[in-house]
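The structure appears right after this line, and notes come after that.
Chain nomenclature is as follows: A, B and C, assigned in order of appearance, with residue numbering initiated at 1 for each chain independently.
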Amino acid sequence: MDKKGSKSIYTNKDELRLFMGKYGIGVILFVMLIALIITVPSFRTTSNFINILKQVSINGMIAYGMCVVIATGGIDLAVGAQCALVACLLGQFIMKMGMNVLLSCALAVLFCAALGFVNGFLVAKFNMFPFVVTLSTQLIIRGLAQVISSAQAISMTNAQFKLVYLGMVGPIPFPVVMLFVVTILMYMILHWMKLGRYILATGGNEKAAIASGVSVFWTKIAAYVISGFLSGVAGVILTSKTSSAQSNLAVGYETDAVAACVIGGTSFAGGVATTPGVLIGILIIGFIYNGMNLIGVNSYYQTIVKGIMIIAAVLLDLVMNRKNR
Amino acid sequence: MAQDDTIFKCDNITKTFGGTKALRGVRLDVKKGEVHALMGENGAGKSTLMNCVIGLIKADSGTMEFEGQPYSVRGPVEAMEKGIYMIHQELHPEPHLSIAESIFLHRENMRGIFLNKSAQNARTAEILKKFNFNYSPRTLMKELTLAQVQMVEIIKAVSSDARMIIMDEPTSSLDANETEHLFNTIKELQAKGVSVIYISHRMDEIFEIADRVSVFRDGQYIGTKLISEITKSELITMMVGRTVEAVFPKVDVPIGDEVFRVEGLSGKGFRDISFCVHAGEILGLSGLVGSGRSETARAIFGLDRPESGSMYLNGEKITNKNTRQAIRKGICMVNEDRKNYGLCLLRSIRENVSLPNLESRQKGLFIQQGREKREVKDVAEKLRVKAGSIEHTGFSLSGGNQQKVVLAKWIMASPKLMILDEPTRGVDVGAKSEIHTMMCEFAAKGMAILMISSEIEEIMGMSDRILIYHEGRINGEVSREEIVNGTMSQKEILAKEFGQ
Amino acid sequence: MKKLLAILLAGVMVFGLMACSAPKEETPADEADTGTETTADTTETSSERVGDVNGDGKFIVGYISKNTTDTFHGPINARAIEVLDGLKADGTIDDWTGILDGQTDPGVQINLADDCVTKGCDAVIILPAEAEGSAPAVATLAENGIAVVVVNSKTNNTDELAVAYSGSDDVYAGTLLAQHVVDNVPDGGKYVHIQGVLGNSAQIQRGEGIEQIMKDHPEFEKVEEMTGNWNSSEAQNIAQDALSKYGKDLVAIICDNDDMSSGAQDVVNAAGRSDIVCVGVDGNNYPLSLVKDGKMLATVLQDGVGQIEAGIGVVKAIATGESYEKNIDVPFVLVTKDNVDQYYTGE
């Protein structure tokens, strides 16, 4: 890294900083991409890129929901448990009761959205700490999943249901299509719709939002409902992926989701989140896992690299954007 | 005062933040026992210099001297130990400390390694009594109002045996009574040889209390004058580099029909309030801090629920369960607490301005982005918000410009009734005058305006009619004629505020 | 200063990536080498690399672990690194993936299977996290023509899709447990069964084995059957409760693994009831040390290292074109004070 070189390119001292502040994390993704493409032959195949997108789709869904909640100044630790609950519900609906696959999925996802409503209600109505609320509901939900499944795994042999993960739309796997659709939807909600503005305003300054006529109550609930809904969708994909309905699925999935949000520039204080940022965060995490597996890096180091990435992303954001604030 | 000995001196101080030069070689000398006023528009460099003095930020270059010794500190605690204490404009009290703990913070009364709480409380009680501050030393800071918190800060500074006290806008949240109290205290300090650096936007205060005044403009030192040798207009000229109307730009517009009326409104802090506001009218609510003015406004806007009473908008009875309902009906409010109720500082000017106005600017499910940008840009230009673009965040704006953005969002809502609670507090002279001009423009368009201000000149200069609050009730009404004819003087209004 | 920091940061990241990819630098070279070799081979003998399923002229092995954290899998992974590195060094295989961490998560194992396909693996060793959930990982690999060697426990599609399975018969382990109790408590009595995580194949099959023996021994009465989730401290609680509930009637505590049996034994010993027989399966370090010190009668060793060695043996056979057994049973061993030195290595 030639410091002198960069100095002479950017005559205006602030220009690089502003650029990096806005697109820094994208630049890092790009650098990773180039480095992997150059050094790992098997990385640069189309099928591997599709493979990565397929792998990140589940974390992606959860991360989008998480980012909305974090943007309101909260956190949703119940997402993993909600995935597991969906799995157990699907096991009962499809395999035990023989219900229609689409209907079962819709019901399971709606149930998760309802659980999101409960989370949101507890947070918004009683002003409880989101961390505490979702930490507790996560236990309840996971327990519910165990009750429903009697802690037994059900094999999801339904061919139609297996298509959720294995199905293709043209050359694109169905989970990738879903991720794409959700990305578009989240972009519209967060950047084009009233709700998105309300979410960001609520997280940015709750009192100011109230003084501007924003119903903080409903905004918070909406955020948790979105998170519940999306973790439900992720749960459906995960169940189809493992073709197994059991209560110990998706343990610890909230960590990767939070990591994706933070790497993508979502502020833990609330009020700052962008869909492209979170997408980049999701992809960076996917690249770390996939790239390092292909390189053959010991898995212990992957965990370390992920940790370093998060701190680096937060530092980058802090250093680059301090002046803008 | 004719002291010759300089207690504090600094020379050639420079400070650069990123690319902007906040201080460009400024100097200042303060004499022992004098009240030295520091004036200049927001962003002139006064606060930056003072932060350098107490060590909150480090100057890039320059020299400082205190009591004849070279002076440099690494932080406020060290500055306090050396004898310089600063009372900030934006207070950040520790909400869970008691008054005593707050006053003795960093210089706790110790017995061995233990806090000597009883001695500390006793000592505090003594000090509080001296300031007529009728609270127990054990009262928690969070239970105090903004004005009371500031009073505690002042008491803390005074009691910390400082030889130089810096006060940044100390009276901005004090009422007349408390202000007078403060001034008496300052005079006492002066007599004891304590110097005070006094930063304020309030011209009258400066002429009342200061011995000398130094003026800064755009990070540069403009000059120092004896108060006795300068007029208000000369001082303003020094500050802004051009002549600004020091008087209020009040334009008389025809008063129209009644727009809004409250009858027998009661709630926490106010009792049986009845009044009405007409189209084009600016109704001033005057009174001491805590007399129930802001509380009335909050109830009208739906921030708090009134206990009883009724409200009528254009003759129709209304209730506002929340701010959303109030805004939909055309009532909006600029809150006195700009830090909390003002802007989402992390978000852009555009998002802040359009936040309460999104409902009417949607097409289907989506916000009309083009229209939003255009309208926000228009209103920002009209209010002369000084920012690079409407995409800049609230953080990048000065206090005055933040206030303009708050106003902008309500102008875009084109309300029927606009409530302005301390609209120009902490705002520099130029922006203040601009805000006043705008108020007249709104009134001319037929808006009804309810203005709350602790600055008696502002109330008298801007209002068509004044309601005087005293302890939660209306204690008198003054018309514009009475003010213009001089039949009602400042002194008389003040008397009514005090309940006479 | 800030800018410097930023550049430093970016530098670190890039450097990190470079460093990470450093070992890979050999691979392009390898590729070039083997590439030319293969062309030479094809021109001369027109034969391909033995066992190469994807036609890249190389034989690459994937290793999907169950996890990299628990005490049972630690030695297995360590042995795998040793043996596979050796095979790579002597040219039997061209490369292997390193330990891929399955995180005991079937979803992760499926991702890793995809990565193995991308990486061009020809044979993959997998230690399934779940019998149901990890099945799609085996399926993905098999669909791509990769030889799948399942080790330690079966997925429900192992018999049809995997080329080989190396493991131990958990039903047999169960019979060993019960027989040990029968042999040491001739008069019979009340016993407690502490189970593993419900639904795990090991839990189900070991329970089955215990029942097979116990049904012929009416002098034994099962008074309690609860799950300790493979977990020592949960087992301690159950043992404590059983002890106070059944007092001197209690003669044995049979556990599905020996983390739990050693926990139960600790409780029993602390209560001065060393007459109660505690026994479990695995052969972890702590239970073995108890056996060595005479504080526990016996434990049933599951030879994980033996399982992985046999599994890698299959891979080696594929790479060299030799024949191999499809179902390898690595026997459980009852470890008592007599033979403990053979298995107990650590402190």
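What we mean here is this: contacts are C-beta pairs under 8 Å (C-beta built on N, C-alpha and C of every residue); 3 or more make two chains touch, one makes a residue touch a chain.
Note that the structure is a prediction, hence the values are computed from the model and not measured.
*Asks:* Any idea which chain sits dead centre by C-alpha averages?
*Replies:* Checking distances from each chain centre to the full centroid gives A.
*Asks:* Which chain's centre, taken as the mean of its Cα atoms, is farthest from the centre of subunit B?
*Replies:* C
*Asks:* Please report how many Å separate the Cα centroid of subunit A from that of subunit B, as a whole number.
*Replies:* Centres of subunit A and subunit B (C-alpha means) sit 43 Å apart.
*Asks:* Find the geometric centre of each of subunit A and subunit C from their Cα atoms only, then give the gap between the two centres in Å, rounded to an integer.
*Replies:* 32
*Asks:* Quick one: subunit B and subunit C, Cα centre-to-centre, how many Å?
*Replies:* Chain centres of subunit B and subunit C, defined by C-alpha means, are spaced 70 Å apart.
*Asks:* Where in subunit A do residues touch at least two different other chains?
*Replies:* 13
*Asks:* Over in the complex, which subunit C residues touch subunit A? Could you list them?
*Replies:* For this pair, the touching residues of subunit C are 2-7, 9-14, 16-18, 20-21, 23-25, 27-28, 31, 68, 95-101, 105-107, 110-112, 114-115, 117-120, 130-136, 156, 197-199.
*Asks:* What part of subunit A is in contact with subunit C in the complex they form?
*Replies:* The touching residues are 1, 3, 6, 13, 16-17, 20, 24, 27-28, 31-32, 35-36, 39-43, 45, 47-48, 51, 54-55, 58, 150-155, 165, 238, 241-244, 246, 248-251, 289-290, 292-302, 305, 308-309, 312, 315-316, 319-320, 322.
*Asks:* What residues on subunit A touch subunit B, complex-wise?
*Replies:* Within the complex, subunit A contacts subunit B at residues 13-14, 188, 192-194, 197-198, 200-201, 204-205, 207-215, 267, 271-272, 323-325.
*Asks:* In their complex, what parts of subunit B are in touch with subunit A?
*Replies:* On the subunit B side, the touching residues are 17-19, 301, 303, 322-324, 326-328, 333, 335, 337, 340-347, 351-352, 354-356, 358-359, 362, 365-367, 369, 392-393, 395-396, 409.
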